[in-house]
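Across the two complexes that follow, chain A remains constant while its partner is chain B and subsequently chain C.
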Partner chain A sequence: MTSLRDVLMPGRVLFVGGILILLVPLIPHGETYAMRLATQCALLAILAISWNLVGGLTGYPSFATAAFFGLGAYVGGVLQQMGLPWAIALLAAACAAALLAAPFGFTILRLRGHYFAIASLMLIAILREVTTGWASLTGGGMGLNVPGAASDPETTARFALQSMLGLSAVALASSAFVAKSWVGFGLSCIRMNETAAAGAGIDAALLKTLAFTLSSGLAGAAGAIYASWIGYIDPSDVYDVMWSVRPIVAVLIGGLGTVFGPVIGTLVYIALEEVLWRNILTFGTGALGLLIIALLFFLPSGILPSLRRRYRPA
Partner chain B sequence: MSAPLLRVEGLSRRFAGLKAVEDVSFEILPGEITGLIGSNGAGKTTLVNLVTGHLKPTAGRVHFLGRDVTGSRPHRLQRLGLLRTFQVVQPFGEFTARDNVAASAFFSGKAHDLSAARQAAEEVLERLGIGRLANQLPPSMTLANRKRLELARAVAARPKLLFLDEVNAGLNSSEIDEVLHLLRAIANGGVAIVVIEHLMRVVRGLCRRLIVMHQGKLIADGATEIVAEDPEVMSAYLGARGAALLRGQV
Partner chain C sequence: MSIATFLQVAANGLLLGGLYAAIAAGFSLVWGVLNIVNMLHGSVVVLGSYGAFFAWQRLGLNPFAAAVVIGPCVGVLGWFIQRFVIGRVISAPVLITLVMTFALDLVLNNGMLLAFTADYRKINGATGLAPLRIGTVVLPADRLIATVLAIAGTYTVHIYLHHSRLGRAIVAVRMDKETARLMGVKVERVYAITFALGLTMAGMAGCYLAVVYPISPLASGGYLGIAFTACVLGGLGSVIGAIAGGLLLGLVESFGALAIGSEYSLTVASTILILMLLVRPQGLVGRAGYE
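And now, the complex of A and B:
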């Protein structure tokens, strides 16, 4: 039954997001490390929540996150360079990613499992090539300078953090809403048994495309904020496959298909990354990899479902 | 005579060189229970796949409720009232029995929201005798109960025509009797049923009309007692020698 808690959840998430945004100006001057870390956290959370809609809820393991992230970064960057206001650039980036995602998703979501994963991965390579080749617009391999939201780096960083927090709240609220609505119910049916889903009257192609489009729009918006935060983007950075892989790892750590799992997984992932990178400088990434494998072994369904199982009232 | 619910005209499907279904035509009237029989590989399941939108025909038309639905996708046909079950049960494994049934009640458009769908689901489960299993997950249920759940999912969508693909496969004799009882009750509610079966006992007990397939073709269509004695049908089932032997003995 749809409980009141489920109905209120998206509102609460937005409220908490709003409070966090209001707290950002209180961060003391010069705390660049903390600010960078918080922004990275919010960014990874957005991508993880976005991936979870398709990979977790619907059961289609997409590797296309980096493609839409990169596309959003470039659309946002190019438009801002043309002098368009930041908000318009952000919206256009989300729309561009969603507009590409709808037909692309509709096509490749007919594939399943490994085949879908590989097809989604290809989009990164395609967009990277197009971006590099279209040098007159994107600067090609030379990269693109993106005017920040403000002239001084500190204000830009604060604004970027606020935007990332805002977008992650929006992402989490929409994911909570989708998960508890009939759309999420239908997506779960598709994940469990697509033949049965069609037999139950579910338009699987439509619902899957819807989830993929929403997911990609979020990734595209995150890319646009990233571009104006970093101030300089190039194809090998924003179309790096790690933008696809890290969100997946975060979701697997936190809990596949759960609403809050991606956020918890993000916090754990970033914490591990920082601790290891600081302490084992030469083998940080390697140690992180080993630790992730260990986590997946011992908490195969992720932190959140494991905790729930442990503390569920008997 | 009322207008046919389903009209199939010259339906064919080839897989590369193999003619799995060849030029099959028949009609189904509202409320009747029909048996679709034939030996393994006769094309029964392919025919059902073609009619219910799981496969596209290479030739021929399917009309349901007077409209051409050839090549329509399964979820659209489901919403119109043309449903099927599968030989191998297809539940949503992580959903309770209640949510399994609620999904088809909701997405078929027969319930306006999820809580109404869950309520409708409980009623259907109760009617099919598995009301007490509403909170169970399909993997923990017996095969007989999973088959009932499959029927409950179909019934919750309030079908007009239901294709049941070997709904009795794997059940023991007393379980089969219970299923037959349920099917009669569903048919009495005004649902036309086509039973795809191997077991002559089931077909004779349930169907007044039989459609027989052999090597992709429809070889007989008529009243059960006549078709079941048809020499061509018997030779298709038993082989020419077996049928001759049987005739000689009778």
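And now, the complex of A and C:
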């Protein structure tokens, strides 16, 4: 049952997130590398937490993260280029992603296993082609220049880091809230046995769609922040399937379906990425592949569940 | 649209579709029997293309002849991959096997990028034969041979599955792996052999494609998409289904390009795929799991 600790958890997460945001201005001038790394970390954490809602909690192997990330980046980018303020562009991007995700999710969440995975993967290809084809609005394959939140790069970078931190706190808090609420309970039932869950009176279609919509809205918002942080987006960059795969790997490292697993996994993943394949640039993605294979061989359930098993024997 | 245009577009679609069928058949077989979606498939097709290219460039071998050697070589590689990597997670949830084959794809694709660079290479005039003309319809000779061989090879596999001891064992595992095990079929061996067979077909398809398309590691994603779509269109695990699905996809792309422009060909294919998944997930041909 819901304990007081569970109720307080989202609040604590937001509090810590707020403190981190307030600490950002204290980062000394010129620490570009550290800020870039921190922003990347927060970005991957958002995507990992968002993916975990569908892939971990509900057990549906979605590859659609990149689709909603890219959509958010383009909605945010185009609106900002039209001169709309940054905050409205961000909100619109989240809403656009959620608005597409609700009917699309409702439709394809009827599929199971490989079929769901493929349908979600195809959405990336569709959105990429539509974005490339609609050149009058999006700039097509030439890409799109996105005006940043501020004129100088340093302020933009700080602002991007703060927004990413804020959004990851919101994502983590809502994920903690969902996981402990009746929605999370229903999603876990669906993961274990969907037919039985439906038989016990759980509205599986509604809950799955809810999780998918929330997850996609977060990915869309992250895309919009990414667009104004990077300043230039093109379809092959933001609709890259790696935006779907990296969060999955981060969650697998941390622990599938756990609340804090995605965050821990993200930290480990980014550290590995920096240490390992900054030095072997030409074989970067290949090294990532080898890392994933090793991970699935030697740590199949992820860090958090493995630790729990070790220190809390059932 | 005049009749001449219609016939030419249909012919182009069928020529394209035969190659699609060859790409999809091995993918479909592996999916049906091992219950894994082999994300590695597209890169293996490209690997086959490179094999054909170098055999042609260095040894002067005709790609159609080289396919007979290159296919089985790729297949042996597949046997080892299944035996020592994928086999270890074969009973894990869908997500794990998907991520595993995706990781293998990253390794192979990046390896090819390192070894061969992303530059497009091409085999020009593999046979040097003049195009075949039937009435107003023009059929380029190399394409025609590639398509005919692709369909013939795929159909041979279908015959083999039904008329050999090993083939029957593969079909038995696809229908019901537990019962097959009880009947004395060594399921793990069938898995490894099926994966090897699937990759052999992918490698041979790559050799035929090398005659028609430029070769680059970057093409692998597109081939994987074709395999997905043709496989779902035709029906999972069935070789005949893959042929039907491939031909249909070729026709759809050909006519779709004529109607709304070739830049949206992938969108058309993906939309059809998603609709198909929702309306008739067992494919056009037959019931899931049976042939």
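One rule holds in what follows: the second predicted complex is superposed on the first by the 304 of 314 C-alpha atoms of A that agree within 3 Å, B and C clash if a C-alpha of one lies under 4 Å from a C-alpha of the other, contacts with A are read in each partner's own complex, and residues count from 1 in each chain.
Definition applied: contacts are C-beta pairs under 8 Å (C-beta built on N, C-alpha and C of every residue); 3 or more make two chains touch, one makes a residue touch a chain.
Note that the structure is a prediction, hence the values are computed from the model and not measured.
Using the contact criterion defined above for the overlaid structures, shared-chain residue A:A89 touches neither chain B nor chain C, since it reaches no partner.
In the superposition on chain A, contact of A:A67 is made with neither chain B nor chain C. For chain A, the partner with contacts to more residues, out of chain B and chain C, is C. In the superposition on chain A, contact is made by A:A204 with chain B only, not with chain C.
In the superposition on chain A, contact of A:M192 is made with chain B only, not with chain C.
In the superposed pair of complexes, A:V249 makes contact with chain C only, with no contact to chain B. In the superposition on chain A, A:A179 makes contact with neither chain B nor chain C. Common to the chain B-facing and chain C-facing surfaces of chain A is no residue whatsoever.
By the touch criterion stated above, chain C contacts chain A in their complex at residues 31, 35, 37, 85, 88-89, 92-96, 98-100, 102-107, 109-111, 114, 221, 225, 228, 232, 263-264, 266-267, 270-271, 273-274, 277-278, 281. Here chain B touches chain A in the complex through residues 54, 73-75, 78-79, 83-86, 90-95, 99, 103-104, 106-109, 113-115, 118, 153-154, 157, going by the rule given at the top. Of all residues in chain A, only 55, 59, 61, 107-108, 110-111, 113-115, 117-119, 121-123, 125-126, 129-130, 132-133, 241, 245, 248-249, 252, 282-286, 288-293, 296-297, 300 touch chain C in the complex they form. For chain A in complex with chain B, the residues that touch the partner chain are 1-2, 182, 185-186, 188-189, 192-193, 195-204.
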